[in-house]
Structures are given as C-alpha cells and as structure tokens.
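Per-chain numbering from 1; labels A, B, C and D assigned in written order.
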Amino acid sequence: MIKKILIANRGEIACRIMNTCKEMGIESVAVYSDVDQKALHVLMADYAYCIGTSEPSQSYLNIEKILDVAKQSGADAIHPGYGFLAENAAFAARCEEEDVIFIGPSSKVISELGDKTIARQIMIKGGVPVTPGMMQAESDPKIMAREADRIGYPVLIKAAAGGGGKGMRIVKHPEEIHAACAAASSEAASAFGNGAIYLEKYIEKPRHVEFQILADSHGNVIHLLERECSIQRRHQKIIEETPSPAVTPALREQMGNAAVAAAKASGYVNAGTVEFLLDSEGHFYFLEVNTRLQVEHPITEMVTGIDIVRRQIEIASGKSLSLKQEDIAGRGHAIECRVYAEDPEKDFFPSPGKIVFLKEPSGPGIRNDCGVYTDVEVPVDYDPIISKLIVHAENREKAILKMIKALSEYVILGVKTPVPFLMDVLKSEAFADGETYTDFIAKHFEKWSPGEGDIDTALIAFVAGELSVKGNHQFQSSSANDALSPWKTLGNWRL
Amino acid sequence: MDYNLIINDKNIPVNVDLEGEDRFVVSIGEKMITVGFGRIGDHLLCLEVNGKKVNTYIADTAEGRAIFFNGKTYLVSDADALNQSGSRRSGGGKTIDEVTPPMPAVVVAVKVKEGDAVKKGQGVVVVSAMKMETTLFAPFDGTVTKVNVQAGNKVMPGDILVDIEKQEEGASPE
Amino acid sequence: MIKKILIANRGEIACRIMNTCKEMGIESVAVYSDVDQKALHVLMADYAYCIGTSEPSQSYLNIEKILDVAKQSGADAIHPGYGFLAENAAFAARCEEEDVIFIGPSSKVISELGDKTIARQIMIKGGVPVTPGMMQAESDPKIMAREADRIGYPVLIKAAAGGGGKGMRIVKHPEEIHAACAAASSEAASAFGNGAIYLEKYIEKPRHVEFQILADSHGNVIHLLERECSIQRRHQKIIEETPSPAVTPALREQMGNAAVAAAKASGYVNAGTVEFLLDSEGHFYFLEVNTRLQVEHPITEMVTGIDIVRRQIEIASGKSLSLKQEDIAGRGHAIECRVYAEDPEKDFFPSPGKIVFLKEPSGPGIRNDCGVYTDVEVPVDYDPIISKLIVHAENREKAILKMIKALSEYVILGVKTPVPFLMDVLKSEAFADGETYTDFIAKHFEKWSPGEGDIDTALIAFVAGELSVKGNHQFQSSSANDALSPWKTLGNWRL
Amino acid sequence: MDYNLIINDKNIPVNVDLEGEDRFVVSIGEKMITVGFGRIGDHLLCLEVNGKKVNTYIADTAEGRAIFFNGKTYLVSDADALNQSGSRRSGGGKTIDEVTPPMPAVVVAVKVKEGDAVKKGQGVVVVSAMKMETTLFAPFDGTVTKVNVQAGNKVMPGDILVDIEKQEEGASPE
C-alpha cells in the first residue's frame, strides 16, 4: 500500500487530495514555486519542497525536479491533480521508469487518448459513437477545406493535443476556413507546444454530458453516473451539476455503457472521465477522455457517496474495485460553482491579489473545496481558481436554493469574484428550467451586468465602519444593559 | 456629520446624526433611515437597517472600502478623504485617461515609441495575466511623450505604462 | 406557507434551524437573553429581540415574552429547538391559543408522551413492546418497594416528567430502595418541578437505539431509520452513529414498524424520536418518545439525504409528506460527536469562557453544526455545547477515520473541550468492534487520562511563538529568496 | 537563549540557539532538535520539527499559552516571566491550597463561617455552573479566617472564596 504521496500540483485540488491522504494515514509531500511559499497546499502538507520560480516550466511543470523530490522525500507515488502534468504522457512515462507510482492511467493510455484523432479511432473500434470528423490531424489548409466540405459546415476546429477550449474555433462558412485554421494552429502551438489540428462536425445546441469512470488493474470498470457541464464561458465550465436535467434513466444506461466501453477499449486504469456531446434528440457523441481527476469530480462524490480520490489511490496500489455497477446509485442533486479570482464586471478578466478577508459558506450539504485563506496572495502566475463551491440536496430545486444561499454567504474581499454573476445564473428561469445548453451564457447572460444593488446599505455600512473605527467601537458585555442596543430591544422587558 | 461618498462611480452626499453609541440616523437624498450597528472583530459589521438585520463584511482595499452583503461586494470611498490625501485616483466619473493595467500583469509587448502619434482606441501595450492577454488602448488622440515599461516588466494597477499628451480639440471642460 | 419563524432557542440548534429557514426563503426571528447579545444565533437572524436576563426563567423559558415577540415581529410560527420549551406542553398549548404555529406535535401529544407512565399505557395499547414496570407514578416508598419486588431487581427509578438522566437511579438491592426513591424524587422535583417517579425493570448491558419518525397531519407516518446512541456519560449521549452496529435488516424493519406504531398510537404529528432499549438478544423495549427535534438528528440527515428541519416546517404548514417508507434508504455511515466546553481532565466539568480562537474542521463529508465563533463568550448560564461535529463516509470504518481526522483539526482555544477524549474513544478497539453498550464509557474509559502528549513540540511552539512575537516575525514574499526558508529547500534548485 | 517553561505541571529548561530569522536549534534535556518556523496571522505557527511539518495554533489565555496540534491543546507558561510578574499562580507542582472555583460559577451555599475549624477534604463552598453543582473542599486541616463570598455571588477561577489558615503539623518543608 502507498505510504507517502507527492502531490504535483497546487491550489484547491492539492488540498483536496491531501485531505483524503490524511484520512487514509498517508503522508503528503507538497512541491511549490517561490511565490507559493505561503500557499494553503504548502501549509497542509506533511513535507514541502520549493522547486523553483513561479514560471510553471521551472516548477510545477518541471518533471525532473518533481521526480527528484519524490526520491528525496521517499514518496512512493505521485498524484498529478488536474492541469499542469496531469495529462502529460512523458511525465507518466518518467514515473514508470523511475518506479514511482503515477496515480492515473499508464503513459501509453494518456498518450493515445491525449491525441484526439487516435482517441477517435479507439472509440470507433470500441463501438462508441463519435461525431463525424477527420481521423487524423492535418496542417495543410487545402486538405482542411476539403474535409470541411465533406463533413459539412458548420465545423469545429480542435487542437489534437490539449483541451480547455484553446485552439478551438467554430467555422460556419467556407471562406473563413483558411484563416481560422491558421489562428487555431498557432494558438495550439503556443498552448500545447503542438500545432496539430483537426476538424469535427459542429453539433448545434448541444449539451456537454460526461461520465465518471473507475477502472481497476484487474479489468473491472464501472461508471459513477453523469455530470452535466454545459454551462461554459469561453469553453470553460463554470457550473456543473448531476444528474443532468436532460438524461433519462434509459439514456443514462446507454451512455454509461458507452463510457465503460470507452474505458475498456482504451485499456484504461484509474479514474477518468468520458465526455460526450448530447444533442437535442438524445443522440450522443464521444468527445474526449479526460485522463485525470476532473475539476468537477466533487458533485459525483456528493450524489454517489464515493470518495474518488481514495479510489484512485486504492486502484494505483493495485487493489481491486470493491464496487459493482449495481452498487452505484445517485441520490439527490449536486451543483458545483467554480469561484475564480476574476472580475465579472470587466469581462471576467483575472483579478489576482491578496485575499484580505475570507469567510467560507458552511452548513448541511455545503462543501467548499478551497485553496486560499485570509491574507494569502492569489498569484498572477496561475489559473485564478479560489475554490469550488458544491451543494447537495434532495432534488434540483432544493440544490439551487441551497447554492444561492451558500453564494450569498461567501465573503471574499480583496479580489473580485463571479459570485454575483453565478447567483444571477442560478436564480434565472432558464437555469431553473434546465435549459443548460453550451450556448447558455451567450444566449441568456451575454450582456449581464451586476446592477446597482442595495447602495443605501453599502453607504450605511461605510458610515458604521467609520464610526466603529473612530470610536474603537466594540460590543461590550456590559453594553447589554444600555438602552441603545444594536438589536431591537423591547424596553419594558429589560430587567 | 456629512460624508461625501463614492459608490458605483457616483458621488453621494450622506448626512449622519448620531443617536448614541451604536445607533444613528442617516439621510441619503430624500430618505432618512434609522440604523443600529455593532462591530464583531475586524471585518464584521452587524447593521439593523429599517428594523431588519443585515451582516456586512468590510475590509479596506486599494480600490476603496470593500463591503460585502447578500452575495455582492460594493466598493465605497470617501471623496473628501481622497481629496485631502491628494489621491491620483479620480473619484467620480469614469474617464479613463491613463494607460494602466486593470490588474497585476506582465508586459508582453509595447506597440508604440516616444513621439508616436496615437488615435483613441489604438492598442499601445499588451499585458498578460494568468495566461490571458489583454491590450491596453490609448484613451484619446494624442502623442506619446514617454514609454515607462518594456516587455517582461511586471506592472501593477496605477502604474502609468505610457504617457500620452492629449491632442488639443477645442476647450471641452471634460 | 410559513413566512417568518421565531426560534425559541439559542446556540447551535438555533443556527441550524435558521440555515434551513434561509434556504426556504423564510425569515427568522431570534430571541436572546442579555448575556447572548453577541451570540451567533443573534447575528444570524433577520430580526433579534432581547427578552430578559440570563436566568432561563426570565428569557428562554419565558413563555409569555416569547409569544409577545412572535406577535410583535409578525412571526407565524415558533420552532422550539431542543431543550428549553421544546417539550413543554403548556408552551405548545399557549401557541395553539394564540394561533401561532408550534413546530412540533400538539400540546396534547406532548403532554401525554411527556408523562412516561401515560406514554407506556399508550404504547401497550398500540402493541409496542415496553419494559416490565409500573403503570403509574407513585410517591409512597412502601408501594415502590412492593412494585420493585414484583418487577424483580435490579430496577430503575425514573422521573415521570423530564429526561436527560435526571432523577434516574439504578437499585440493585431491596435495602436501597427507600433512600433511592427519596433522592430521585427530590432531584426530579428540583429539575422538572414534579417529583413523581416510577419503576421499570433495569435492562442489563443494553444498547440505546432510537428511530427518527416523520408524521404529517394527513395520517402519513414513516421512519428515517435508527440511531445508535449508547455511548453516554452521566446518561448524556456523547457519540451517536447510524446505522447501529447491532441492528440487522430484519431487526430494523421490526423496530421501525414499532416506531411507526408508536407514532400512530399517540396521534403524533411532526418529527419525533422513539427511543428503545435493545438487549443483547435482540429484544427491544419502548423507552420514551422525544417530542422534538433531537440533538443527534444530523446523522440521520447525512445517511438519508433528508433535511429534517425542512420537513418539520412543511409538516407544520400542513403539507403532506411526499415521502413513502420505501423511498427511505440509508447510505454510508454517519457519526456525531458532541463538543462541549468542558474539561476532560477535570471529570468533564463545564469550562465556559471566551473562545479565543476557533477553526472548524471542514472537507468532504464533514459537517459542524456550530453555535460559537472566535471571540464570543460561552456563557456560564446554559448547556455548554459548542458544536456537533458530524461525518459521513462510505462505511463505518471510513467514517471513524474521517471523524478522527476532523477532530484532530478542530482548533478551539480559550475553553477546554473533550476532543482528546473523543479521539481516544474513536481510536479504541472497543469502538471499532462496535461494542457500544450504554456502559461503554464506564467499562472502557472510566480512568481515562489524556497522557503526556508530544511535549517537545508544544515547547518548541511556545519558543517559536516568543520569537515571532518579539521579532514581529512574519513570512514575507521576498523571504522566499532567503536561504533560510521555513520549509525544506533544495538549495541547488533555487533559481 | 534559555527558557524555563512549565507544561503539565513540570518545569522544563529549554535552550534555544537562533540560526537565522526562521530557524533555531532547541535543546530539551538530552535532545537537540532543529526547528524551522513561520507565522501566519495571529494564531497559526507552522513548524518544521525534525524535518516534518506540523501546524500549531496558539493563543494566550489566563492559564498560559494554549498550543493546539493534532487534536490536543497544551498549556505552556514561562516560569521566569511568571516569577517576574509576581503571579500568584503556582507554576510547578500540583498543590491546591486555595478554595477557588475551577471555572466561572455562582455560589450556591457557604458551609462554614469565620473561626470554624475545618478538616482536609471537608466541603466548604458549593458552586454551580452550567446547571452542575460542585463542592469545593478544604485543602488541609485548618481554621477559617475569612469568608469572602455569599450565596448568589458570581465567582471566577483565582478568586479566593474562603481563607483558611493551615494548622501546624510539625516542620514539614512541603
């Protein structure tokens, strides 16, 4: 069994992994860049090693330094989290060479599924439905144009390597195809070091529905139901939920079987996610496999009651999955909101800086996977995620109400956050109706603005703040006997 | 007491009459509101506004006092205090007349040099933050008098990256 | 539907009720005594009214003042929480007279079930198994002695009114019966204003197993499975869990049916708890009905996914239970630890005072129903409960590990707490084995002492605290470049 | 630097050699331990003890500095500082020789009066806190010289409720 895990990541996901390590009696080793010296994941770890400067290539992406720390610290396994090296086949391969357990699938599987055209071939062989599209990456714009004609406009340009919307372009007219291919390829090259692109049929008004899978090294594969991740901005998910408002029990079985087939076809071992596009007629198409722990895994944990990170560690230790498909039943409804340091009033531009004050929401059914604390800096150098706020309730309606309440109590001062935007989305009729297509934000919230709000109360709070600073005003126990209590006092009841 | 407060880029005069240690009446425009208040620790201000309680969380930031309640954060500043301290920051109005980044960032490219004539809306500096690039534009027609940064510099909000002298265009008081 | 609820309570339970109110869009009205001016329940409420001095009779037990506040504030319902007026039939009756909804059963039901001898008669009529014992309260010691002879020693003396172990005595020998009856009667008289006592057969090595019930005003009654509450100290529960290690599916069905029968026999409406004693042979005996929200209700919420307070409010509004018995399925395992301000090294004597620093544990599957915050005083005047720490995991073993981790991270400075004691109980083999009989603490932890602990680290922390105060030492971002980092630094990697 | 610290009623000499701003070597008895430390905010002290990190939370209380880690709270005091400040509190040893409540409480009954002879272990005052009553006992044989409280008084730890003059019993140095 694994005794010490190096977590090759930072932020909320590193903290979340350490939580499970601690429960399992496994020691955790943090690595960090110099700007992260006071980061929460460094504070939480049993051991912490500075591995370089803030530039990711010098630290969180530096494979050899991370492997050196693994050896120096005696870690027998590495958990890559998501992002950074999580889907880097070369890193997984180096772990294999150095005999350090990589908590994830093999380098071969990462490599094959990471190349979207190979992945498509595997899925077609495995009987998993895929979108019409090219079977190989290309760079010649003429061939791309011909393929686009064959597939039929609109088409979607995608980067063969990578994800997260980078290098992605929708092309609706033949005259745009050349320029779009050039732009997408250069974007892909700078983002992933690989400019290869390919085309797929663009599915209109689709939903993004993904299935969590667990596969052990003994050939057992199950899925942990779906996640609906259609609410995206700039191809980045911002709100996820499970179950999907669009998935019927029959469709769930069909798609779940396809997800398990996808895992089996690729020789997958460990936790992974099979992403599908679901069109309005209930047809679904394989999109890609995310060969890592997914950002939005907590909503699956809430409805299935299963700790996915614990299962990852057990699978990586060679343990057999004790769960069978029939043991998996969702209960209630879970929603996740991603809370970034970003300014919703300035086109969601990142808003790094010092968290001057943080108060996390809490209460029954509320979980906040958080990577910051009061007084810490959100550095300019990384993905500006602060936390993922997750709620779980009896049904979708109650989960929405719980999320609105939780957001309304989430105090983050010092950096901007999208909390007011998220609240408006959750309060909207379109969300209540489950009209969660991937164009949801564009359609319903393109011109969102925060509105004036309750200016009077804000001004009053400013004044009260001035008065309480100046007079060094503090409640005193003795002031309970004053006639002027801050709370309504029924005078004649005072004794 | 009279305050002249800035919120949502508006100047709002606020008059306050104390009614004891933890109670005051505030006049905002035509409205008169009775307020009870109590402070818990550094950041929590419990208010009672028109009989209903509301917990507000406050902290001072570079952009003013941040005030949070009911899921929304407001920024409020004291215009008189800003004037006294000779702050460069323009309180009311939204005239952006400086080339300064909206957030801590790294300069990716400077697209102008000293002496260049620039048009309003022309890109002058490209900065990058958290893997996103954004272009800063000239706020008006004019001439670049000084370039204060070069590619690779780390810059902060308020840093003037490029000085641009505004072109004469009649005697507009704005 | 109810729009505004007065919560006639304080501490964690008042806060927990307000959380559900807020989710449901219901306004909450707090009442408080003068020492509670800064209490968390006062801060959380939409409206708050001071109703008197700290003496409970002047405030939290003052029925007329509370009803006046209900009227003045426009509250259409009162939630009594647990303790204080929660099982006071006179209070429920006054609410009925004043046309304020009392969120709980009718005054008649409270009154009948509150008298244990009447309750026993109801249960016998309803076919619910009861312990052999007296059918009526008595005061004549001679009659008591005769009854004890009839029932057979050992016998248990109980107060006809009230609970919580007050007025309770085990009598093993006939020569002790007179003195014990006199002592129990006077204790009951001072605790409940009613000295009536009665006798029951004393069940040796029993477990305390209770069933949560929900009953609506349309005749629908279901149970929400059991809670195992055997781990008690001075007849006060300290650790509760569900499911019970002793309850088989067949026994669960039998006991659940008996609990539902008990509710029906008594005409029960709203949430309640039917307590049973379970002997080592699987026989169970009706103990009492708690006609209120139970302290330990959260563990049931965790395994069933049902918000019991929400159901209470819906039932009180006249809504029909949308749940059927077959909808109720437990998942995973939940444990609750009660965290009091008390000193485990001084026989658990209360330890009120100022909470100098509080850091609540958090993470997946961890819930802390808390009634305090940093800088607040735990007053000397009330039950010293700080919070209830609840965990939920896939199974009992994982829940125990999660609870140990959560306790190890629960920072409460300024008052003493039983956290080290609770950790030792959870780490014990007896607990792991599920040997949770009501004599658990007496048998396994009678002579518990906290042990020396890691004195070296405590001394080191003291010194580091001195050094960081004197030098006003704080991490600086710039110090990341110093050779002397507080974390292990691989020097040659520094760039 | 030399400290003389009190923990679990024991006096422990501790020697500290600074090795920079955030590192020191501590000698406790025969052991020498290298320590790295950093402070986050008012209450969190991050230590590295023998290479392993441990987060400790600290706060000063009436009973000494409370130090929490791994689920347990320790109370540590500086014996030298206590001596300097002339604190009444006896540092080491566990000799309880005062009639003082273990917690804030209300006096329910005083069972002795001035001039009474009392035996060690005899109940002298009954106090109540949080609905629990407890009896405070005479710490030794002696005579009541003064009764400082009466029923209904609120009392705090450290308050001497009853002064008792110890009875002579030979020249025991203890």
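Note that a contact is a pair of C-beta atoms (placed from the backbone, for glycine too) under 8 Å apart; a residue touches a chain by one contact, two chains touch by 3 or more.
Keep in mind that this is a model prediction, so the values were computed, not measured.
Considering every other chain in turn, the ones in contact with both chain C and chain D prove to be A. Relative to chain A, the most remote chain by averaged C-alpha coordinates is D. Averaged Cα coordinates give chain B a centre that lies 50 Å from the centre of chain C.
Taking the mean of the C-alpha atoms as each chain's centre, chain A and chain C sit 37 Å apart.
One simple way to say how far apart two chains are is to compare their mean CA positions; for chain B and chain D this gives 52 Å. For chain C, residues touching at least two other chains, in rising order: 38, 47-48, 475, 479, 485, 487-488.
Looking at chain B, one finds that residues 38, 40, 46, 51, 53 touch two or more other chains. For chain C in complex with chain A, the touching residues are 16, 19-20, 22-25, 32, 34-35, 37-38, 42, 47-53, 58, 65, 68-69, 72, 298, 301, 305-307, 310, 329, 331-332, 360, 362-365, 367-369, 377, 392-394, 398, 401-402, 405, 475, 477, 479-481, 485, 487-490, 493-495.
Residues of chain A that touch chain D in their complex: 38, 43-48, 373-375. The residues of chain C lying in touch with chain D in their complex are 343, 346, 349-353, 356-357, 359, 380-384, 404, 407-414, 416-417, 419-420, 423, 450, 452-468, 471, 473-475, 479, 482-488. Contacts from chain B toward chain C in the complex involve residues 38, 40-41, 44, 46, 51-53, 55.
Residues 3, 5, 7-8, 12, 14, 16, 18-24, 26, 28, 31, 33, 35-40, 42-43, 45-49, 51, 53-54, 56-61, 65-74, 76, 78, 102-106, 129-132, 134, 154 of chain D touch chain C in their complex.
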